[in-house]
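In the two assemblies presented below, subunit A is common to both, partnered first by subunit B and then by subunit C.
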Partner chain A sequence: MDTTLRIDSLTVDIGPGRVIDGISFEVAEGRILGLVGESGSGKTMTALAVLGLLPEGAVIRSGQVLLKGNDIVPMSPEERRRLRGKKAAMSFQEPFTAFNPVMRIGEQVTEAMRAHGMSRAGAEKRLAELSRMVKLSPGICRHYPHELSGGERQRMMIAMALSCGPDLLILDEPTTALDVSVQKHILDLVSELQRRKKFSVLFITHDFSVVNKIADDVAVMKEGRIVEKGSKDKVLKAPGHEYTRKLIGCIPRLGDTRKRLPV
Partner chain B sequence: MMIEVTDLKKYFYKRKGFFSPSSDPVKAVDGVSFSVEKGSTFGLVGESGCGKTTVARILSGILEKDAGRFSISGKRDMVFQDPFGSLNPRMHIYGILSESLKVSKVSPAEARARCVEALELVNLDPAGVMDKYPHQFSGGERQRIAIARALVNRPEILILDEPVSSLDVSIQAGILNLLKDLQEEKSLTYLFISHDLRVVEFMSDTVGVMKNGKIVECASAKEIYSSPKHPYTRILLEAVPSF
Partner chain C sequence: MTSFTLTMKRIIFGIFIIAVMTLTAVFAPLVAPYDPLEMDLSPEGRLKPPSPEHFFGTDNLGRDVFSRMLYGARISLSVGFIAVIISVCIGILLGGLSGYYGGRVDALIMRFVEVMYCFPTFFLIMMVITFLGPSIVNVMVVIGLTSWPGLCRLVRAEFLSLRERDFVSSAKVQGIPDRRIIFRHILPNAMAPVYVSATLSVGAAILVESALSFLGLGVQIPRPSWGNILTAGKNYLDYAWWLTFFPGIAILLTVLSFNLVGEGLRELLDPRLRKRK
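Showing the complex of A and B:
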């Protein structure tokens, strides 16, 4: 099986702090990897490293980030910029702050495509396709971000990430801010698009039940390290690492008869 | 009954302009009734915008009701969702905890003793906590401090509005256990508000499912979760990813 993304012993420091500590994992072609961990574990930093969008002050100390076999670590910012969108694209956690509030949604999505060299007419046409793809009426593109519901904003965010047909789609907590019924629609949408378009997904979340619904493989992150990785069935049903067991055990489930949760 | 709510209503009017007539009201709470027995937990669950926080704010005395009745038989206090926003960043923890005691004219020595007691109840070391400021604590510790602040008044009823929603699952588990322990020890009565059906089931004896300002179904937690009657309850339960 080919790999879309392979991270090999990646270490990232911010100032004196080590935020990513020698992690290795891969996202196989056409598969969904759920990267799970609690806040501050380094999940989002990992995603930003893949995109070459680490914040100022962050330094990659060692390791490789291979997108379709090309290591992005030694690349110039310009080279990385050209890869973004086509090789890998990301949908950010909070679609309300990620969109520019004073620009119509449609313009923001076409702006991204125009930056990748698409003609205005081509981008407009693609915009209509994209909005239908995420099950929204193209008319929504004329609206401003605050006029959309949380679920609609997240759909447009995904549409924008998919605009240049990336090999790897990174979703950072796409359902965390949403109600359960809306969350379900977004997860169904991601599964369906992934099956149809055959891209690979790096799905970042803190929620094991979301991973269980959507992922093929799972990696569990804690304090900058990957403590466990493997197929979903293995990691969720027979977790090998104590931390994974603890994280799974402390979530109340439907029909839970426990009086207390293990801490 | 510690809490008794009958046909509670709260409408919000959105004014279009200075001279134009107001538009149709938003019926945030539209005829809500329920009651909570002493020492039990009533879970109010629903999606965002359903009106659950408005109910909490009316029962807390922060908002005026428009119609209906409610009675609360005992001292009440509140814990809010956001432990970052709800603690004054410029006050040290002792100041935050003792502020409400000043109103009730408690002597300084008594106030100190009450703060120590409250912090011990939430499993924080009073000596290591009282002189520090909120930013020096993690999210879970802040939520413990917020609970301690509610406890200094020795309430019989706690209104908990999404008390664990902004916390990591491992921290959430600790706070839920703590709330259960406190309830048992002090026979507290809880109104527990959350959007998370799993957390509500874990905490509650009775559950009310809210939608568009109304309670669409209200029954024992066991009934709601094992044989939901209302289609909306079923939709909500089916949307929870199974795991």
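Showing the complex of A and C:
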């Protein structure tokens, strides 16, 4: 099986602190990898490293980030910009703040396609397709972000991320800011699109129940290290690491009589 | 904090005065009853007090002050607007680069801004005009080139906070080029303080132009400007009050109007100020 993304002993420092400590994992072609871990475990940093968008002061000490076999670490900022959106795209946790408040939604989505060399007419046409793809009426594109609901914005964000047909879609806690029923719709949508379009997904979350629903493979991250990785069934059914067991123990179940969840 | 209606009244009053001034300035040749340069040196024609024939009287050379003021308004307003356009362009560009890129670019631009702040602006303008020769174009350009540092800092501050917002990261993630992020995503969100500051600066620029013309460094006689009508009038203060009174009032009203509109906009656009009412 080919790999879309392979991270090889990647180490990232911010100042004296080590935020990512020699992690290695891969996202196979056409599969969904759930990257799980608590806040501050380095999940988002990993995503930003893949996109070459680490914050100021963050330094890649060693390792490789191979996107479709090309290492992005030694690339120039302009080369990385060209890859973003086209090869790897990302959608953010907060659908409320991830759109420019003074620009129409449709414009923001077409802008991404235009930045990668699509014609205006082509982008407009694709925009209508994209909005139907995420099950919204194309009319929604004429609205400003504040006029849309959280779920609608999250869908448009996924549409925007998919606009240039990336090989890898990074979803950073896409459901955290949404209520449970909308969460389910978004998860269903992601898995449906993924089956149809065959892209790979790096799904970042802290919630094992979400992983259970959507992922094929799982990697568990703690304090900048990958403590466990493998297929979903293997990790969920027979967790090998103490931390994974704790995380799985935190999924609340209906009818659970315990007063407190184990921490 | 003033109430919403009072703020609106001020803005409307300001806009009304500015509109009247602008219209009369644009249509000066149609509105003016006399040629602003036409002299009447006969003893009866000179220094006539305001009357139905000469609304604002005549000056020491028998020219109609009302007509001269209409033509003067053209100068004052165009200096105000063009100088501010120049300064807004420079301020936005440097402030934007400084705030967006930070680091060395920021340090360099900010040191430059500090150097600009060190000069007493008015004397710098006077010096430059003395070297380049007094002309209306020079006045506009020099005011524009010296009045941007404040705006630059404002824009930088806005950019510093906006560049950390998610929609900017989101645009970066999509591979949108920096130039587009700066001008299409961040700048429109940073414009509120720019509008306020620009409006206030128009008033300030008009004041500087009047002062320069008063000192003989701006518009050259016989072409009229509010400042040089004042200069001509200062020798006749004792017995021809209208020569200084009307241009003075015109400058006052115009600057006041721009300030009222600017302050009003500030209150309307700044949610922090609005909440406290």
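Basically, the second predicted complex is superposed on the first by the 261 of 263 C-alpha atoms of A that agree within 3 Å, B and C clash if a C-alpha of one lies under 4 Å from a C-alpha of the other, contacts with A are read in each partner's own complex, and residues count from 1 in each chain.
FYI, a residue touches a chain if its C-beta (ideal position, glycine included) is under 8 Å from a C-beta of that chain, and two chains touch if they have at least 3 such contacts.
A quick note: this is a predicted structure, and the numbers were derived from the prediction, not measured.
Applying the stated clash criterion after superposition on subunit A shows that subunit B and subunit C can sit side by side. In the superposed pair of complexes, A:S39 makes contact with subunit B only, with no contact to subunit C.
Looking at the shared chain after the overlay, A:M103 reaches subunit C, while subunit B stays out of its contact range.
Judged by the touch definition given at the top, the superposed model places A:T205 against neither subunit B nor subunit C. By the touch criterion defined above, A:R82 reaches subunit C but does not reach subunit B. In the superposed pair of complexes, A:Q154 makes contact with neither subunit B nor subunit C.
Using C-alpha centres, the superposed arrangement gives subunit A a vertex angle toward subunit B and subunit C of 80 degrees, stated as a multiple of 10.
When the two complexes are overlaid on their common chain A, residue A:D179 makes contact with subunit B while staying clear of subunit C. When the two structures are aligned on the shared chain, A:A115 is found in touch with subunit C, with no touch to subunit B. In the superposition on chain A, contact of A:Q194 is made with neither subunit B nor subunit C. Judged by the touch definition given at the top, the superposed model places A:I251 against subunit B, while subunit C stays out of reach. Of all Cα pairs spanning subunit B and subunit C in the superposition, the closest are 11 Å apart. Residue overlap on subunit A between its contacts with subunit B in one complex and with subunit C in the other: absent. Put simply, subunit A touches subunit B in their complex at residues 38-39, 150, 179-181, 183-184, 187, 206-210, 212-213, 236, 246-247, 250-256, 258-263.
Residues 102-103, 165-167, 169-177, 180, 184-185, 188-189 of subunit C touch subunit A in their complex. In the complex of the two chains, the subunit B residues touching subunit A come out as 47-48, 139, 168-170, 172-174, 176-177, 180, 195, 197-199, 201-202, 225-226, 235-237, 239-243. The touching residues of subunit A, when paired with subunit C in their complex, are 51, 53, 56, 81-86, 89-90, 92, 94, 97-103, 108, 111-112, 115-116, 157, 160-161, 163-164.
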